[in-house]
Structure formats: C-alpha cells, structure tokens
Amino acid sequence: MKNIKTKLGQAEFRNPVLGASGCTGYAYELESYTDLSRYGAVTLKTVTYTPRHGNHPERIAEVPAGIISSIGLQNPGPDVFFDDTMPKVIDALDRDQIIVSVAGDTIEEYVELCCRTSQRYGEKIAALEINAACPNVRFGVGYFSRDPQAAFDLIETVKSAVSLPVFFKFNTNFENYLEVASAIDEAGVDALYTSNTPLGLKINIRTRRPAIGNVVGPICGPAIRPIGMLRVWNLYQKVKMPIIASGGVYTWEDALEYMLAGAAAVGVGSAQFVQPDVVKHIVDGLERYMERESLDSLTSLVGAAHR
Amino acid sequence: MKNIKTKLGQAEFRNPVLGASGCTGYAYELESYTDLSRYGAVTLKTVTYTPRHGNHPERIAEVPAGIISSIGLQNPGPDVFFDDTMPKVIDALDRDQIIVSVAGDTIEEYVELCCRTSQRYGEKIAALEINAACPNVRFGVGYFSRDPQAAFDLIETVKSAVSLPVFFKFNTNFENYLEVASAIDEAGVDALYTSNTPLGLKINIRTRRPAIGNVVGPICGPAIRPIGMLRVWNLYQKVKMPIIASGGVYTWEDALEYMLAGAAAVGVGSAQFVQPDVVKHIVDGLERYMERESLDSLTSLVGAAHR
Amino acid sequence: MLAKLIEFRSVTERDALYVFDCPELARAASPGQIVELKINDCLDPFLRRPLSIFDVEGDTFSLLVRTVGRGTEYMTRWKPGVEVDVLGPLGKGFSWSEKEETFALVGGGVGMASLNFLARRLLEQGKQVHLLFSPKRDSQLLNALPQPERMDISFAENRTALPAALNALLAKGIDRVFCCGPDGLMEIVAKTSMANNIPCQLSMERHMACGIGICLGCAIAIRTEQGLTYKKACKDGPVFEAEEVSFHEEH
Amino acid sequence: MLAKLIEFRSVTERDALYVFDCPELARAASPGQIVELKINDCLDPFLRRPLSIFDVEGDTFSLLVRTVGRGTEYMTRWKPGVEVDVLGPLGKGFSWSEKEETFALVGGGVGMASLNFLARRLLEQGKQVHLLFSPKRDSQLLNALPQPERMDISFAENRTALPAALNALLAKGIDRVFCCGPDGLMEIVAKTSMANNIPCQLSMERHMACGIGICLGCAIAIRTEQGLTYKKACKDGPVFEAEEVSFHEEH
C-alpha cells in the first residue's frame, strides 16, 4: 500500500505538498480552480501583529522564469483575520490542512499572536508557522532569520507558550544561515521551512526606473530553484529537524528533486499564480511515480542524493 | 553623430558589449558563426599559472533559464597560451578587442602572469583582467573576492607592475562584496567586472545524484540577471570606477537595463552558447535604440535609473 | 480551460483582434471582466497576461491586444486552430442601473478594449451610448468595433483637449461615465465627471501575478472612511468607482 | 541557420524520425557529426540539444530522436512546415581508410542513430557493413533504417551477451569497428575490439552547453603520453579512437 502521508515533527499531513504562505491566499479563493482536498496543507497568508497596508505598487515584476514581488505583508491584522477570515478557511480546508503563519516585530508580538491563535483555533488547525522574515523594529528586516540567538529565543519562547506544532520559516539569504538553522534545531522546532528567495531588481527600460515601487524585492519561481536546492542540500547535512523547502517548485519532478536533496516536504508558491491547480498535479505526479517505482512511501527518498 | 565607443579607465573599446571569459573561447572559434569585429572586446578564457585539467564531468546542467557549470578553469597554462593560442587570437581580433584574463593562487603568481603577458603581448592587447574567483592555496576559493585587504594588495601590486589597463573580475556572492569593491576602487583599478553568479545545485532524478560531477557550481544565464542587477545597482552607489556587468545578458534590452542600473559596459557569457552571434545582435539593437531615441551616446544612460 | 483561436485580424500596425471559441467563458462573461492568458507552455514568459474581454458573441469571445512586449509579440505568431490556456472571466466588471439611459464611454488608446463589450450590452438594453476616444491619432483602433454606427463617436485630440471634450459631452445629459485607459487619462475623466456630479466607473490596470486574488500583487489604493487601503484590481476590480480610487496619495 | 521540418514519423513508442530540408547543412555533413537544435525561441529550455545526424539524402537531413525529457518531448509537437534554428554540421565524425573493406557497426539503443548515415556512406563506397544491435528488445528501432536489406544485421540480447556476439562477428574478419551507445556498452565494445587488435572508434556523449568548442563543458577524459587530459566531445569528437578514451580514471 503506497502511503504518501508526511510527518513533520508532531504534525502529520496527508501528503508532502504544501501551499506556501502568501501564494495560496486563504485557500478558499482557489475552490473553483482546484480540488483543495489534494493539498497536503496550506499556510495562510501571514498575519501580523497589527494590520498592514502593504507596499506601494507596482508590486510585481516578471523576470526570466520567475517574478520579483514586493507585497509588504499586506494583511488585515489579527482581529479581522480571526473573526472574518478563519471561519471561511475552516469551511474550505480540513483541520490537518491548515497552517497559520504569524509575524511580529518582537518576540512578545510573535508569542501573543501564537497564543491567540492557539486559544481560538488550536483545535482546528494543524500547525503554527513563524514567519521570521519580518522586519524587526530595532534590528531591521530579517533579524530573526540572521541572528542565531534571536532565532533560538524566539522559537524557545513560542514552543513553551503553545502546544501546537511550530514551523520556523526563514530566509537562507544570509551567509550564516546554517548557524541560524542549528540554533533553531536546538530550540526544538517541528520543522524548518526555507524560502530561498534572493533579493533582486528589475529596471523598466521604458520608464528607466525600477519596475517595483519598493525598488528591491525577493525573487521567486523556478529561476531560483537551483539556489534553494543547494541550501537545502547543505541544511540537510547540518540539522536533524525535517526541512520544508520552497523556491521554484512547479512540477512533481521539482518536488522530488528537493526531497532527494533532503526536504521532507515542499512548499509551492508562485507556480500557483500561473496554474492554480498545480498542487494537485504535483501530488498526482508523485503518486504515479511511487506506483511506477513500486515505492511504499517517499520517506526513503528524503536526502537520498547524499547517500 | 552617434558614438557607442566606451571608455573603461585607460582602456577604450568600440562598443560596450564584451564577450565574457570562459564563454567566448579564444574568439577565433566563433569566426564562422558571427562577425567578430562587432565585439567591443573579448576576454579570453582565463589562463592560470599552471595548466589545469579542469573538473570531472558532467560539467554542465541545464536549469530554468540558465545553466550550472563546473569547468574548473581548464586551460593549457601560460606556455601553450602564449606560444600557440595568442597568435591565433591576434589573427582573429583587433588590438583593442583583446583582454587577457589571468588567475593565480597567490599574488606573486598573478603578478608574474601579468608581467609575462605584458612583456610578450603588451602592444597587442587592450587590457588585463584579474580573475579573482580562483581558489587560493591557503585560504580557499574566492579569497581575493572576499577579503578586501587581499583584493587591495593584489590590485595595487599588479597595477604597479604593469602599465596595461587592469580590470578586476570578482564574484558578488559574498555578503561583503561592497567592501571588497571599495577596496578595489581605492587601489585604482580601471574597471570592476562583476560575475554575479550564485552557487547552485541540481539533482538528476533518474540517477538520484547531483547532476554535476563537482556537486555544486555557479549558476549563469538570464535566471540570475535580477540578482546581478541589484548588485550592480548597489555597487554603482558605492564606487566611482566603471562597472562591467555580467550575468544573464541575452538581448540589447538586458544590456540597456544593466547600463541604467549603473554598468558602463556588459559582459555576455552563456547566451553565446545558445546563439553564437548574440553579441552582434545586442550591439545592433543598442545602435537602433540610440537612433530611435536620438541619443548621441549611451554614457548619459549609465546609472540613469538612480536619478 | 482551453480556448481555440478561430480568427486573428490586424486592426492597426500594433493592435490585433483575437477571436476564440470557448463557450463556457463566453457565456459567463460580463462587460469589464478580464481573462488571464498563458502565452505558451514553458517558463518564459512566466506569468499569464491579463486582457480585457473586447467582445462576446455566442460561444466566442474576443480580445483587442496591443503588441508591446515579449508576451504580446509571441501572441501575434499564433495561428487559427491553436488552443490557448485561459482563466476567466475574472473580476468585477461595469455596473449601472436600469433607470440610467445615456452613457458616456471614454476610451484611451487600447484601453478602449473593455468598452466595446460594454457598449454591446448597453445597446442590447436600448441605452444610448456616446463613445469619446482619445488620442485622435489612435482612432484607427475603432476599426475593431463591430457596430460603430450604433454609437455616437467623438474624439479628443489628446489629453489636454480631453476635459473640454468630456465637459461638452456631459453637457448633453449623461447618466453615467465609464472609462478605461492609462492612469493619467482616467484621473482626468474621474475629476471631470465628479466635478459634474456624474457617477463614473474606471477600469484599472496593475501588473498582475495571479489574476485570481491570491497574491495581492495588483494593489489599487482606495479611499475609505478609515483612510487609504489597497484593493485587488483582479478581484475587487478591475472596475472601481471614480470617487474611491486614489491616484496619488501614499500612506 | 533554419531547417524546415518536412516529415515526422514515429518509429517506436518513444523514438521518432525527423526529416529537415536544409541544403547547406545536408551537403556539408559527414557521418558521426552532430547538430545543435534550438527547441523553441524562449529561455526554457535554455540550451540547444545535441543530436546525431541519422541520415542525409540530397538537400535533407534526418534525426532519430528518443523522447526522454522536456526538450525532446517538445519536439514531438512540431508539425511539418515548422522552421527550426539549427547549428551544424558540428564536430569530427567517423573515419576509415580506403583499403578497409569490412566494418562492424555496434549500436546501443538510440545510439544507433549516428551509425545509419555511416552505413550509407560505407555502402556507397561498396564496403561490407555488419550491424550488431543491442539490446534486442529495442530492435523496433531498426524500422528507421532506410536500407536494412543492404546490411548484415545481428543482435545481442543485452550487454552481458554483447562480448560473445561481438567476438563472433569479429571472427568473420572485420577491418574496423564503429560504436555508438551508452558509455557502459561502448566500454565493452572498446575492450573487445582492442583485445582482438581491431581498430575501433567510439561516438561519445556528454552534456553540452555550446556544441562549438567555446565552453569546455563536454569534457572527455583522454589518455595521452603526458597522462590524462580532457578533450571536447563537440569539437575534437564526438568520435574518438577507442584506445584514447578513458572511461574511469580520474586525475
């Protein structure tokens, strides 16, 4: 019997293909385009401690095999999120499919958001995701992604405050990403989620100005997959916790490639913009592959390229 | 009268579109595929202090909108280069089109290579290019690209040893690339040449092993252009010397985009693998653009997106 | 969803009309809505392209497309018979009330695309349609209109001449204004209409990644009682009320 | 250079024959040479694809292509009439001397592709051609051969059976062996031929970026008197002498 179920720390998912935060909306928007039950899970758009308008347009610029985006974490804040959004999410997804992503400017804000989520919806979601790419009021953007001690403190505090599984989503752009990952590993997170999106710039040659209102933004999409692949490869050799890899997953082959490099699961982001039912196709593809290769599970393939 | 001539420090070229080292062979191989006189210049494949066999195959892996390569600086070494290769190069290109790229493991090796080149061919070439991406025997790969002091010493020593224009080609992958660039700026180089190629990995899902013999290799091609664009943007704000940008240039629009970001000239690399006459097309395109926009020169556009 | 190209026709040197057979989409579409087309089946160009529905007739819909970049250039090479991957109809289109009788449609260049389908529906309901087009030098575009004789068509030489031309038109007694074109033109039309106290709807453009409301890439600054906020061009729009759109203010 | 596809024919479930009109290339080609095809005009797939010239007749050349990945899959969608961007003929092909009369051509799977054109030229010169094909289960591929009746064709069940089959063939008196197939098969053929003191040429495959000698991506390890060195499959090869190719040794 082939089994595509995927355990990430304390959390268990129906399959290893997850909708990535900010690229899957609140899932219910996709209901008429795909079969939502085929998602391993969906990480909802990050909710921040206070509502955020987001960045000035243009927010999207196409680049070869990818996009530069600059959304600025636009979201309605926790009150609207809990009262209006979550009920619709719960209608669209099963409990084991819902991951709530939170971000704050301080550890206290993160913890409060986690606690509120846990109190209100703890029974109805699968996990919490700490988006560590948020600007820190004192130390700037990505602080919790680049300071091992801050990352450790953040996770340790959150873990002791809630009993839900906790994922740590961070950006591997900083040279010390392996150190940060080690700190997280020690702090006892359920899974490490990598975004692997380097910063980029595009200039509009007609206006002769940056194409993005904010000038700079992270690059996502297949273009950056080989970068993500290398970082997952390196992380797999460094840490023990399961890795969720995002960055350019478009086909089942891409998902498999990340798993061979060491990812236990993958997050699918911008591919959904182009093909809203892409997650279903990836899961179908992985199942067909297991069939063809007579694999009972994909677990044995995780990190297999290292062996 | 439109004038597309390009001054880079002491060196002057017929146009700002250069064939990048390692992607243009020794130029004469391209004679039957394009009009070599349309190249602003060609940087020849890097010659190292001692001959190098290069890396074990496979050396090439295709990725979305680019490739991972791992050549390992294969070259026949200076004796064969000077005696057999250079005469053929001189037959194929004009003096102002020839840039010789050198690399050593120590400053002494660099200097000796520069002096030998200068003595033997000083009258017959336009410039020397210091490939700073070479492994250092003591401090590992990219030492001269990541240690500002080492970079400064290297350039200062070379500049005082030869009178030819000198370009410094370095990789912007290290977090301190702006510091390194500042050091070079002070050392008084004629131009800064950026390669902008992040490291990547691909796994062959059939063999379940890395696709490249060497596991890891730099990614080049359009996929990484937005990364290069941002780094050139940042460098332009930091340094005074002219910048030569490489990384994903394929069309005249790409060349123009780099110039708007701050590059005085561009290096065209892997695009030539796909379209051996691509440099001619880029130069034609820039000339047509100047015509259409009634521009006398492109100089006013260099860095224009900052203003 | 696949749509089969059944006709391709040049309208001007840089604009072309594409007619697709796609019953499901054609039947569901309403004026002002858009489609998102996949240009080819590889990763370059990466994103779909958002285009207004120019017309609907029976099982077919058409697009009026200006060739401006890689994607639209690629489209000009499509041959009838090709099947194209399309999402749609998407977004919220134009709206009006039964009581309103006379409409001014202001089109700026290829922005005119979304107004033709609107005109068709208005005419079907026996309404009166005035089309004001700017800039006049682009008027060859109107060759794409299937029923020009049923509208009253006038021109503004350019943007400078537009306020006067629109004022003249509004003076005839217009119940509602619809506009689609570049931001600068729409701002003029919004101001002029509001100054005349005539309701006005604008069809807004933003670079889009998804077209279906999941990326928040297509932000339009909207005035609300609580201050400025961003709405989605692809889902809350592309059509917005003129009063609510903020063309300049930042937060 | 553009080559126009004039015929497309399935040979097996996963192999197809493509015939192109391209006088310049066809006239210049010699057996063992390759072409580099651009799959489409966008950035994905990025690289050209190297393919052996399967045959040349008058102004046309043909390719026998196994569908294995994105690029070759894309090719199967080409319709006759399409114009494809091609570089070639590239590289150094097979060579033999006038005195040699009897040849063994050993093909492994679709590696057979480069041997058909060779067979044609040998037969034109009145030489005797023995084709040994492995593995037998792939023999449907031989349906692509235009003149099978003019060769003596035999089979090896698989790689294990190959040395015996080749020894039997060589025993008939063979002047030279040519081989094209997977590395593992070529190594066997090289060893067996050398053991019999019969000259042997191999057509080698490597991932290629440029195909024209400027990237050094297609390295083949070659034995020389000064030790191992790397040569370029695209320019110095793809055909090499069996003695010079090193299948295993690293530096």
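Letters A, B, C and D mark the chains as written, and numbering starts fresh at 1 in each.
Here is the rule we go by: a residue touches a chain if its C-beta (ideal position, glycine included) is under 8 Å from a C-beta of that chain, and two chains touch if they have at least 3 such contacts.
Here the structure is a predicted model, which means the values were calculated and not measured.
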- request: Enumerate, in label order, the chains that touch chain A and chain C alike.
  value: B, D
- prompt: Which contact partners do chain A and chain D have in common?
  reply: B, C
Statement: Between B-D and B-C, more contacting C-beta pairs sit at B-D
Query: What is the chain whose Cα centre is as far as it gets from that of chain B?
result: C
Query: With chain centres defined as C-alpha means, what is the inter-centre distance between chain A and chain B in Å?
result: 36
Field: Separation of chain C from chain D, taking each centre as the mean of its C-alpha atoms, in whole Å
entry: 55
- request: Quick one: report the Å distance separating chain B from chain C, using the average Cα coordinate of each chain.
  value: 46
Message: Two or more other chains touching the same residue: where does that happen in chain D?
response: 43-45
Touching two or more other chains - residues of chain B: 63-66, 221-222
Message: Based on which chains touch which, is the overall arrangement a line, ring, star, complete graph, or other?
response: complete
- request: Can you check the complex and tell me which residues of chain A touch chain B?
  value: 63-66, 68, 174-175, 198-203, 205, 208-210, 216, 219, 221-227, 229-230, 233, 248, 253, 256-257, 260-261, 301, 304-305
- prompt: Which positions of chain C touch chain B when the two form their complex?
  reply: 43-44
- request: In the complex, go through chain D and note every residue touching chain B.
  value: 38, 43-48, 87, 206-221, 228-230, 235, 250-251
Query: Which chain D residues qualify as touching chain C in the complex?
result: 40, 42-45, 74
- prompt: In the complex of these two chains, what residues of chain B are touching chain D?
  reply: 22-25, 29-30, 33, 45, 53-67, 69, 71, 74, 221-222, 250, 270, 272-274, 276
